[in-house]
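A, B, C and D label the chains in the order they appear, each numbered from 1.
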Amino acid sequence: MAKIFGIVASSAPFIKVEGMQDYRPIAAFSFIGRYRIVDFPISNMSNSDIDYIQVYMGNKPRSLTEHLGSGRTFNINSKRGKLQMLFPQGSSVNEIYNTDISAYMENLEIIQRMHQDYVVIAPSYMIYTQNYADLVEEHISSGADITLLYHRVDNAKEAFLNCFILNLNRQKGVISLEKNIGKAKNRDIFMDTYVMKKDLFIQLVQEAKKESSMFTLADIVSASAADLDIRGVAHRGYFAAVTDFKSYFDANLALLDHKLAENLFRPDWTIYTRTTDSCPTTYCTGASVKNSIVSNGCLIQGIVENSVIGRGVTIEKGAVVRNSVILSYAQIGPDVHIEGQVVDKWAKVIRAKEIIADPAAPGYIRRSDNL
Amino acid sequence: MSQNMLAMILAGGRGSRLKDLTNKVAKPAVSFGGKYRIVDFPLSNCANSGIDVVGVLTQYESVLLNSYVAAGRRWGLDSKDSGVFVLPPREKADERLNVYRGTADAISQNIDFIDSYEPEYLLILSGDHIYKMDYDAMLTYHKERGANLTVAVIPVPMKEASRFGIMNTDEEGNIVEFEEKPAQPKSNLASMGIYIFTWKDLRRALVADMRASDSSHDFGKDIIPAFLADGKKLVAYKFQGYWKDVGTIDSLWEANMDLLDDRGELNMNDTSWKIYTDDASALPQYIGPDTQVDHAYITQGAVVLGDVRHSVLSTGVVVEEGAKVIDSVLLPGVRVEAGAKVTRALVAENITIGKGAVVGDAGSENITLVAKRVKGVE
Amino acid sequence: MAKIFGIVASSAPFIKVEGMQDYRPIAAFSFIGRYRIVDFPISNMSNSDIDYIQVYMGNKPRSLTEHLGSGRTFNINSKRGKLQMLFPQGSSVNEIYNTDISAYMENLEIIQRMHQDYVVIAPSYMIYTQNYADLVEEHISSGADITLLYHRVDNAKEAFLNCFILNLNRQKGVISLEKNIGKAKNRDIFMDTYVMKKDLFIQLVQEAKKESSMFTLADIVSASAADLDIRGVAHRGYFAAVTDFKSYFDANLALLDHKLAENLFRPDWTIYTRTTDSCPTTYCTGASVKNSIVSNGCLIQGIVENSVIGRGVTIEKGAVVRNSVILSYAQIGPDVHIEGQVVDKWAKVIRAKEIIADPAAPGYIRRSDNL
Amino acid sequence: MSQNMLAMILAGGRGSRLKDLTNKVAKPAVSFGGKYRIVDFPLSNCANSGIDVVGVLTQYESVLLNSYVAAGRRWGLDSKDSGVFVLPPREKADERLNVYRGTADAISQNIDFIDSYEPEYLLILSGDHIYKMDYDAMLTYHKERGANLTVAVIPVPMKEASRFGIMNTDEEGNIVEFEEKPAQPKSNLASMGIYIFTWKDLRRALVADMRASDSSHDFGKDIIPAFLADGKKLVAYKFQGYWKDVGTIDSLWEANMDLLDDRGELNMNDTSWKIYTDDASALPQYIGPDTQVDHAYITQGAVVLGDVRHSVLSTGVVVEEGAKVIDSVLLPGVRVEAGAKVTRALVAENITIGKGAVVGDAGSENITLVAKRVKGVE
C-alpha cells in the first residue's frame, strides 16, 4: 500500500455559520447529538489506515483540542502514528490573509519532514464517508497528478452555495474550479478533498504563496488545471456541507431518515468520537417521542418529534420540541414549545413559552443563554 | 512506584445462580444498566477515589473479563503509574499451577505483586455489587480510627439480617464479633465485603493462614476471626446509599429496574461520580415515528420502532414494529422482532425473539431468563 | 484533603529568552536534555494529587500541545481528572495586553465551573519541586487569604532580575511585591506561586481587569496587600528561574553537580515527562566523556566535558564539547570545537570549526542552523 | 470490531536455560539492551506493522509479564479497537482449569477469543527472539502467494542447520518438507517460529488436533505436518536481517554485545521502526568527572563514576568510583561498588557487587551469570 499522510484542513474564512461559529470552529460543531463534524474526516483516514494526521486548528482551538486528544479515540496507534494539531501563528488582523496556504507555509518544515509519499487533504466542514486508501489507489492507477473528490447534486441552485464546483470534461478531467453561485441545479460539487504526491503539494503551496497572499489551495489547483493532469472522482452516499446555518440544521435533520443514517454509519466503517461517559437516557411516564435521534444522558418528560437531541438534555413536563436540533446540556422548561430551532449548548429555555420558526428558516438560541 | 492504597477485586466465582448468563462470561462481566458491566462499578469507584492500581483476581472463564478490564483506559486507569492488572492463578518456579482456594488465598498468591507497589493499605472489593462509594473517605476513616481493618457495613432490615454476614459493634463502632448468616442476628449491620487492611497486618495474617492446614483461606471465615482473636482493632464504616448484590437473576433484574427511578438513590447522571464503561461505537438511539415509549431507560445504539414500557434497553437492541417490551431488561444486541411480546423477562446478549413470539409472564413471581433464541410464530 | 485545582500560567510577556523563545514558549524549553520546564509544575501538581490542571498556552502552542497530550504521561487519571489546555483568544497586537489576567478573563466561565474550593497557581518558567497539598494545608491552617511561595537567595544582585521580590514582615506577612532590580544580594524571590480560594481568585481577576488592562495577578495581589492577609512560605531545595538566556544556560549546567541533581529528582517525587522512545546512547571507542549529563539516543565519538547533551545528539570524531548545552538531534561535526554554547535542536555545526564563548556570556546557535 | 490479522505471542515457557534470570520473571520479560525487555521486540513489530490486537499466551510465573504487556500504551496498542490481551489457561464451564499442553493447544484454548475478532489471518509469534520485522509485508506475500500458511525462514550457516527446524522448499518457495533438527539438513532455511495462517484453515486443523489423542499439540510436530499431509499450500518467506534467539545466557549476552555495534544490522536508532518499551522515570545518564567510558551502550538513569569498557549498562545502574566493568551486561538496578571489577559477566537485576569484589573471568568460554549479591572485600 502507498504511504499516505492526512491533512484535515480548517474551514476557509469565507465560510461562516452565524451564531454557532462564535463559540467554536465548524470542525467542532456537534452532529446528530453524539458526533462532531471533524470525526468524519479523521475516522475516514483512520479506517483507511492513515495513521499520521495533521489537523489544522482555526480560532478558538480549546474544544477541538480536547475532543481530539491523543488520537486514541480514533483508533490511531499513538506510537506508530500521530494525530498532530497545528496552530495558526498569530492570526492576522485581516482574516482574508488566513488562508489554508498560509497555515501550510507556517508548518512547511513539518510537512517536508513527513516520510510518506502521498497526502490526502480533507475538509472539516463536510460530512461523508470515503475509503481514502481506495481513492489513492485509484489516483495512482489513473496516473493523474491531482485527484479531486466530487459529489453530483441536483439542488445546487439553493444549496452548496459557498462550495466550489468542478467543471469536468468527458474523461473526468478537471477544466476548472468555480464558486457555486446557484446558476444551475445539477452540479458536481467539489468536496474539498485532494489526493496528490507530497512533493507536488509542497510545490503548489509555495507557488500559491508567490502568486498572491490571498490564494487558497483551490485557487492554485484551479490555476494549474491547464498544466497538470487533474481528475475528478465521483463520491456516492450521504454528503453534506455545513457552509451556513441552514445547511447545518438541514444536515442534522436529514438523518432522521433512519435508512439514510444506516447508509452513513456502516458497521464496517466506524465513525469514532470521544466518549463523555454519560449514562443512558430516561424516558419518563408521560413522555412521547417520535421519529427522533436521542443521545445519552437525557431526561425526557415532554413531547419530542422529528428532532435531534444532544447529550444530557432535559425536556421537562409539558414541553414540546419539534423539528429542532437541541445541543448538549440544554434545558427546555415545563410547557415550553420549541419548533424549528437550533438550541445551543447549556442554553435554558424556561420563561419564553413559545419559540417557533418554520424549518425553512430555522431559529437559533445562543450558547448558555437563559430565555 | 509506591502506592498508598492498592485495590484488589475478587472477581473469581462462577456465579452459577446467574445460570446461563455466565456460561460464557464471568459474573463481573455481565451487562448491566444498558451500557455497563457489573465490574464497572468497583473500577469506577476506584478511579474516582484516586486509586491508581487495581488487581483483578480471576479464575473462571475470564477471557472476556480479562480483556475487558485490562483496557484500563476505560476508567482512566492507564496513566503513567496506573493500571488494571488481571491476576489469574499461575504456575510458579517451585509449584504447579494453582487454583485459588479461597478469597484470602487469592490475595496470598499475589503477595509479590502487592509488595512490588509497597502499599500502606490494601482495599479488598468484590466484583458483583452495584453501588457508588468513595473509598478515599473510608481510608480517611481507617486512618483516623487507627484501625488494622475497616469493614464497610450497611444497615439492612433486621428481619433480613440473617441472610448476611453481620458485624456486631460496640458504641464506638469497633467490631467485637462477626457472625456469618446468624439465625439470631444481634445487629443489622451487614458486611458489604469491602475491607481496608493495613497491609503489613494483613500480610502477616496471610502468611500464617497459608500454612494453616485447617483454614479455608477465606476472609470471612478465617482472616477476620483471626484478627478478632489477635485483639486487632477492627472498625465498621457505615455506608449510606444504594447498594445491591446482583447475584441472582431476580436481583439483577431489580437493580436494572431501579434505574428507571431516574436521578434516584443511585444517580447515574451525577457528573461528579461517573461510572465509566466501554464506549460502544454506536449511533445515538433512534425512536421511530410510530412508537410508544413509556418509562424506559435506553442507551445509544438502540432502535425502537415498537412499544416499550417500564424497561431497560441496552446498546444495539432493536425493537421492531408492533413489538411490545414490558417490565423487561434487554441486554446488548437483543432483537425483538415484529409483533413479538416480552414481559417480565431478562433477555441475554444477542438473543433474538422471533416474529410474534411471546415470552415472559406478567403474573409470575420470578423473572424469566431468556438465554436462547426464541422462534417466531408464523 | 481540600479539593484543589491547578493552574500553570504562561510566562509574562516581559520575560524574554533571546533566541530560544522564537521557537517555543519557555514552558516547552528543554531542561537537562530529557525534560521540559513545564514538567516541573505539572509533576508537582500530579504528585500532590491535584488531578485537574489548566495549562495556559502562550504563542506557538504546537510543541507544548504535543508534549502535554492527554496527561497520562503525568500520571493524571484522564477520567477523574483533566489536563486542560487553554488558549489565548487572538493575541493582541500590542503584547502588553497579553497579561495573565486577560487569559483568565477569557476562560472565566470554565474557571467558575470548577467545583474545587482552592487553586494553586504555578509558573512555567521556574524549576523547583514542592508538595502543593502540604502548601495548601499550611495555607488553610494559617488562615491566610493568599499564600505566596518564595525562595531566599543571596545572589539577587546578579540573578533573578526579572522576578518579583516579597517584602515580608516578621510574621511572614507580605507587605508588598516589587520587581527585583538588583539592589541587594539577599532577597526573598517570589516564586510566582499562589494558593488561595477559587472565589478569591475570580474576584481578584475581575478587580484587576477593572483596574487596568495591563494589570497582572502579581500587581493586583500586591495592591491588595493592605486589605488581605497575604503570607509568604519559604521554599527549600533547588530553585531556578529561566528569565533570560544566561539563566537558562546556568540552570542546566548547575545540575552537573550530581548531588544537587539528586536533591531535585527524588525517588518519592517523580518528575514525569513524555518519552520519545529513543534507544540508549552509544559511546564509541575513542570517545571521552567527563562530568556530563547525557540523554538517550546519542552517538558519541568525540570529547564531552561539563556539558548537557540532549536526545539523539551526534558528536563526531575529534569534536570537543565543553561547558555547553546541546539540544536534541543537534550534530557536532568532526573536529569541531564548541565551548560555552547553547546549540538548539536540529542545528548542525560542521564547517565552523571553533565556536567558543566564556560560560559567563554563553553563545547561542539557532534551531536547524547549518554552520 | 473485526480485524484483518490478529497476532498471538507464545510466551509460555519457563526458559530454564536462562537459569536464575527466570526465577521471578517469564523469559519474554527478561531485560535486554539497557532499557528493553525481550517481548518489546515482537510487540513493537506488531505495532509498527499496523496490527491492533495482540494476544499473549502465558503460563509460567506471569504476573510481571502480564502486568508489563497489559499496559498496551507502551506500544501504542491502547487505542479504541486495540489491545494487548494476556491469555492464561482458564477454567471453563465444562472443565477444570487447564494448562496449555503445547503451542497449538495454547491457540486452541483461545479459539473463542480469536473468533470474537473475526480475523482473516492469524500471526503466530514467539516471545524470545530479538529482531525487527514488518509482518504486514509478510502478510502481503502470504496473500500474493495464495498460501494457507506462510512460515518466515532465515538462512543459517549449513553447518549449524541441524540445530534448527529446517524448511525444505521447491524452486517457487513452496515448503515441501519440514524437518525438526535434521542430522543431515537438506536446506539452510531455518524456521523463525513466525507463522501466518489463514485463520479458517488453522481453525479447522486445531479442532481436529484437539481431538487427536496421539497429538502433542505442537505447531512444528503436529500442525505443520498435518498441513503438508493435507496438501495445503505452505510457503516460505525469506527474512533478511538481524535475528537472534536469546534462549541461553551466552546468546543473551551476545545479543546485548551486538548492540555496541551502533547503527549496525539491528539499528536501534532507526526512527522509522522504533522498539517501544516502558519509559522509566529516570534522570538522563550521568558520567562522572573521573571516568573512562570506552565503547559502551548506556541508558538513562545510569550513573557512571568508574570505568566501563565494551559493556551494556541498563536503567539505574551505578558504577562507583574506581570500579571497572569490562565485556559485561549489567541489568537494571545493578550497583558495582567502589573498586569492584566485573568481567565477561551478565549481572541480574538489582544485584550489588560489593566493594572491591571481583566477578567473571576474561578467559572463560561461558559468560558468568551473577544472580546473587556478591559480598565486598574489606
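The rule is simple: contacts are C-beta pairs under 8 Å (C-beta built on N, C-alpha and C of every residue); 3 or more make two chains touch, one makes a residue touch a chain.
Computed from a prediction, not measured in an experiment: that's the story for all the values here.
Peer 1: State the chain with the largest centre-to-centre distance from chain A, centres being mean CA positions.
Peer 2: Most remote chain from chain A, centroid-wise, comes out as D.
Peer 1: So which has more C-beta pairs touching, C-D or B-C?
Peer 2: C-D
Peer 1: Using CA atom averages as chain centres, what separation in Å is found between chain C and chain D?
Peer 2: Each chain's C-alpha centroid was found; their separation is 41 Å.
Peer 1: Could you state the distance in Å from the CA-based centre of chain B to that of chain C?
Peer 2: Chain centroid spacing, chain B to chain C, equals 45 Å.
Peer 1: When the centre of a chain is set as the mean of its C-alpha atoms, what distance in Å lies between chain B and chain D?
Peer 2: One centre to the other, that is 38 Å.
Peer 1: Two-or-more-chain contact residues of chain C, please, as numbers and ranges.
Peer 2: Each of 72, 79, 270, 272, 277 in chain C touches at least two other chains.
Peer 1: If you look at chain D, which of its residues touch at least two other chains?
Peer 2: Each of 1, 73, 78, 80, 274, 276, 281 in chain D touches at least two other chains.
Peer 1: Quick one: which bits of chain A touch chain B in the complex? Just the residue numbers, please.
Peer 2: Interface residues on chain A, with respect to chain B: 32-34, 72, 258, 261, 265, 270-273, 275, 277-297, 299, 304, 309, 312.
Peer 1: If you look only at chain A, which of its residues touch chain C in the complex?
Peer 2: Its residues touching chain C are 59-62, 65-66, 69-70, 72, 79, 84-87, 89-91, 93, 109, 277, 368.
Peer 1: Which positions of chain B touch chain A when the two form their complex?
Peer 2: Within the complex, chain B contacts chain A at residues 33-35, 73, 259-260, 262-263, 268-269, 274-277, 279, 281, 283-300, 303, 308, 312.
Peer 1: Which part of chain D faces chain B closely enough to touch in the complex?
Peer 2: For this pair, the touching residues of chain D are 1, 14, 22-24, 58-63, 66-67, 70-73, 78, 80, 83-93, 97, 99, 110, 112-113, 281.
Peer 1: Provide the residue numbers of chain A that touch chain D in the complex, in ascending order.
Peer 2: Going by the criterion above, the answer is residues 49, 51, 71-81, 115, 268, 270, 272.
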